[in-house]
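Chains: A, B, C and D, in written order; residue numbering restarts at 1 for each.
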Amino acid sequence: MTGTATSEPPVILFDPWPRSADLIFSPAMRTRFEALGTVVGLAESAGGKLPAEFVDAHLARAVAIVGQTDMDAQRIARAPHLRAIINVEGNFTQNIDYAACFARGIQVLGIAPVFAQPVAEMALGMAIDLARGITRGDQLMRAGQEQYGLAGNRSAFTLHGQTMGLIGCGNLGRALIPLLAPFRPRLLIHDPWLPDSLVRELGGEPASLEQVLGQPRIIFALAGVTEQNQGWLDRDRLATIRGDAIFLLMSRAGIVDFDALVDLVAQGRFRAATDVFPVEPAPADLRARQVDGLLLSSHRAGGLASALAAIGEMVVDDLGLILADLPPQRLQPARRETVGRWRNSPGRSYAPGTRL
Amino acid sequence: MTGTATSEPPVILFDPWPRSADLIFSPAMRTRFEALGTVVGLAESAGGKLPAEFVDAHLARAVAIVGQTDMDAQRIARAPHLRAIINVEGNFTQNIDYAACFARGIQVLGIAPVFAQPVAEMALGMAIDLARGITRGDQLMRAGQEQYGLAGNRSAFTLHGQTMGLIGCGNLGRALIPLLAPFRPRLLIHDPWLPDSLVRELGGEPASLEQVLGQPRIIFALAGVTEQNQGWLDRDRLATIRGDAIFLLMSRAGIVDFDALVDLVAQGRFRAATDVFPVEPAPADLRARQVDGLLLSSHRAGGLASALAAIGEMVVDDLGLILADLPPQRLQPARRETVGRWRNSPGRSYAPGTRL
Amino acid sequence: MTGTATSEPPVILFDPWPRSADLIFSPAMRTRFEALGTVVGLAESAGGKLPAEFVDAHLARAVAIVGQTDMDAQRIARAPHLRAIINVEGNFTQNIDYAACFARGIQVLGIAPVFAQPVAEMALGMAIDLARGITRGDQLMRAGQEQYGLAGNRSAFTLHGQTMGLIGCGNLGRALIPLLAPFRPRLLIHDPWLPDSLVRELGGEPASLEQVLGQPRIIFALAGVTEQNQGWLDRDRLATIRGDAIFLLMSRAGIVDFDALVDLVAQGRFRAATDVFPVEPAPADLRARQVDGLLLSSHRAGGLASALAAIGEMVVDDLGLILADLPPQRLQPARRETVGRWRNSPGRSYAPGTRL
Amino acid sequence: MTGTATSEPPVILFDPWPRSADLIFSPAMRTRFEALGTVVGLAESAGGKLPAEFVDAHLARAVAIVGQTDMDAQRIARAPHLRAIINVEGNFTQNIDYAACFARGIQVLGIAPVFAQPVAEMALGMAIDLARGITRGDQLMRAGQEQYGLAGNRSAFTLHGQTMGLIGCGNLGRALIPLLAPFRPRLLIHDPWLPDSLVRELGGEPASLEQVLGQPRIIFALAGVTEQNQGWLDRDRLATIRGDAIFLLMSRAGIVDFDALVDLVAQGRFRAATDVFPVEPAPADLRARQVDGLLLSSHRAGGLASALAAIGEMVVDDLGLILADLPPQRLQPARRETVGRWRNSPGRSYAPGTRL
């Protein structure tokens, strides 16, 4: 019952661009990967997406695709043994006929969980930075303008015991909550996809968007972009943030009115940090680059070498389970209801392998 | 059995300089403080240490001193009802005849625990900053030199699962361990004052100074200065730190050869952060101000307004217990064996109330 | 886009027997449930499964079934708007054409997570009982044969720091691990459906069946019965358990050779506890009833009123999400690969509503 | 500066009865102990307290006493080098002139912390037992009267999310809190020796005695007996316990009106468990032995072999520190304010080494 009609080993189509085998596999993991079946595309994928003819030539025997291959209904129909498509880029995009996959029982899986831990760590680090003035304090010492002790801490505050807000509470929020727990926060969580009971189980209090912006001292924006929440945090909403609060944009620029955010911080309305920008690489003359009170990070929160290497392990683990007729355990399944809504465009113009 | 021979309320001598009543007491806490007895010195202490004649005039009836009053054997002898001396500055200094206190059963208590949480938080924030390149990344974006994703993370690493070392594990180390726990570190702990069994109970592995410097990816220097450990981390020892490690000096500059530390970081041997300096305020031309790879903080890790306000609560709580013939619970008692060894000089030349 | 072609409210078919509306819904939750659509079957289901004709009459308009209705391919075909089948009994049984559901995108969901917490709590309680001799100690005191202190503790041991084994690590194991964590165990986990990496992420060490039986001081058998593991823990395997160990059977009697287990405990080979029996109610003359060293519980670990009430909340939460075109978050989805393998027969002969 | 005037090794007087060297030392630990100095009394102490003349003969050179030797002011005066008295029985009793010790700076230390973990574990086990009916369920199955599932759980409840009360929060309470934490309780804590702020830091809410008895579903009585709290929980107070609550007496029988407790449980007013009795061994005809709803344990919560072995480690660790002029870290110091108040009489009539 392995899904192939013959005794030939299963074919695994490898089409990881803009990732590459070297990025996502340690040598040991690559060995395990190649032992799962006949992997095709390893060489061919090094320089970009697999050529269409290459893909088409292997569909008939493919049991799995590891990569972001365009898979419309026709291609799916020509892959009768296909059991899984594993996106290794990080965003489900609209280049797959998901409905056709679900009807056929083809599992579509993604790697978002690998980034949850490193992004959560960065979110905590940037929160402490803003709350305690770490980057600012270093700047002042280099400029010879520092003050010591309490005098240097006039706008500093501790995370301990603060009210914190999470906007969105998926993989990232759930990786962040344990890092925040030792600070014993009061956690307000706004996530329209989650029932209140689950929010409470996660240790939070269900909150409206108004509450999660207006009440906390620390606000983490963690939601991915969907067709529904683009520009969600607009100027009026951002203006309700407390004057003594810090706001951290860790997921996607698309969920905020970025210009409004920069304006408000430039006016000293609150302090903020961002790991993401409306266009990446950010233009050289982006105003945000010169605004005080804004901590800047060039979309580096997730893309650690160790996170990328974890992709390979997840792929090998779950593909092994699938080929043994067991449920995958580590990758994140595309959900029928939401996979069509995502608008987290992958990065565009910079070099392969360098993006989140 | 309150220790005063008459029915008059106990006298509490308040001599907090360089702290002040306003810094350490919230209004509610000050009210509770004044209800504990007849507090003398509140007005007189505003501008500096209490005048000697003022102190001498009240010793005969004092049951407690809240402050850093010089108390030699003679003065102690003239305070027959004295039951507690509560240092609110933060360092036990050699201006008290501790032996005379212990012989009389006078409790000497300090406030070091209030700083443990904020300094631990800062230590974690600076560790994430160095590991992930937060301050450096902000600098690069402001200079238009940033790289994105993996390309920008060549020297970045996650705290998750790393070997970390703690040099010293008193109040500060014990406040830091729970903040590190969610990152599931392997913890090497070197503290010559602790038995191995206690180190294990704290979740660490007992380690020699060599091990705790040479093995971890992240090293936290948390020990206070004693007569024995001045300059302990000398050039040779610092040179054993791994090239891919980060070193964080969070306690006192006196435990390291500071010049050697700056040299090694300037040579790119490892990255480091420091919250403390051999002389504070640091000279304008201090070389450390211009060294890459060194994250600088002007002794701001502990001195938050909220931490100072916690002093008042601790004082009121414990003085209340002592006057009710119960053991104090929150302040830290001077230990007979070690109180004479401390060499954490309090800051010198800057304005009252601004120091750690 | 609610899945019904007309503007009529969705029909929800309620067929919960052997559960009942009163058991699984608090009044408030029932109100929320009825507000989700037109619920049919509430009255009809009180005395047993819904009559076939009743079911058939409502399939055409049903968007969801809450219950264990037999759903073969024909019935599924006659329910064009059906989007979810929510089993509220606790075991996926082979009375549904799961393949037909998956092909149509009909979600099949179960309530197993509600029992994880109470069963885990009971497992911990029974483990402490066996390790420390609680039930035995009470018996001895009632018989006037107790010994005090150390003399009464000759075969007692603490959970703290012990090696513990989990056989199976699904919902139940993952609810148990946090309860065990404060005892700082070494955790060996055997679960053939999980990759090693996930076992480590859960805080355990991957172990073979041999290791998980032979090494620990405390063994928790937590696996459900599948077509593959019936009688898995046979006499030879049970005989490898350490003489100073305790064995706790918390999931299903079917995974062990129950007679062998009773024999070995009766011989004093090790102590054990069981919440489950090959036939329930257990025969009056079941030998296990009189064996020393065996702690007996009449399948009471999961069936708390509070757990049953949690079913209603989960159903309402997730059905609400599904009808709003969002992914369910709390119920457990049947997994295509495994749903056909389960052999956890629901209880048979005792009164409705009384079973796990 | 070792406290002895000569170069002879320090003399350690070993007088552990009713403990013994074999009970408290593993072989390795005994080796470490004997390496600390010249230990006298090892052989002599095997059968009982050291003879007075033996003690007197060694006082002049003793730097430490490990045991419960009577030490009045005269003996203390004759031990000029004495630096520590380490009680290894478990209760500070009134056979020492503590004031004379404190005046001389002689540390008096006790081993209570070793029992905190095992007693806390037993408290949790007995709480789950009462809440879930473990012992009762076993009795019913053995009698063939069990009911299954929900029918068998009519008076059962989960610990999860309950309000719990702690009466007393010293070593034992602080060992129990982490074991309870995964159940996410609301914790009411009554301890007249602790400030509210510390109770909150421990994760609890400060509560009056009335609140801590009347509100929780689970009440843990954890306070030792002092001159002030004997019979504290009298009939009227016990009568305020909720009808659906469970009450666990884990510390000392002396803090409750034991007859009233038995009466109330016998009347079905609430369920209870006790590890302690007014007289131990309990009389054969003690009424408590036959009361339903009362879970009985013969003072076995603390006295595990592993706990006793931990005594030796603590003694060796701390005596080693003291002899190196460092503060002890693991034993519990007698507190000047309270040491005279304890009335935890050690057990009386049963064999040496068998008691808590």
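The working rule: a residue touches a chain if its C-beta (ideal position, glycine included) is under 8 Å from a C-beta of that chain, and two chains touch if they have at least 3 such contacts.
From a predicted model like this one, the values you see are computed outputs, not experimental measurements.
Among the other chains, D has the CA centre that is most remote from the centre of subunit A. With centres taken as mean Cα positions, subunit D sits 34 Å from subunit B. Centre to centre, using the average C-alpha position, subunit A and subunit D are separated by 51 Å. Averaging C-alpha coordinates per chain places the centre of subunit C 39 Å away from that of subunit D. Residue positions of subunit D with contacts to 2 or more other chains are absent.
Under the touch rule stated earlier, the contacting chain pairs are A-B, A-C, B-D, C-D.
Interface residues of subunit C facing subunit A in the complex, by the touch rule stated above, are 102-103, 105, 193-195, 197-198, 313-314, 317-318, 320-322, 325-327, 329-330, 335-338.
Of all the residues in subunit C, the ones that touch subunit D in their complex are 23, 117-118, 121-122, 124-126, 128-129, 132-135, 137-138, 140-142, 144, 146-153, 156-160, 178-179, 181-183, 280-282, 284, 289-290, 295-308, 347, 350-351, 353-356.
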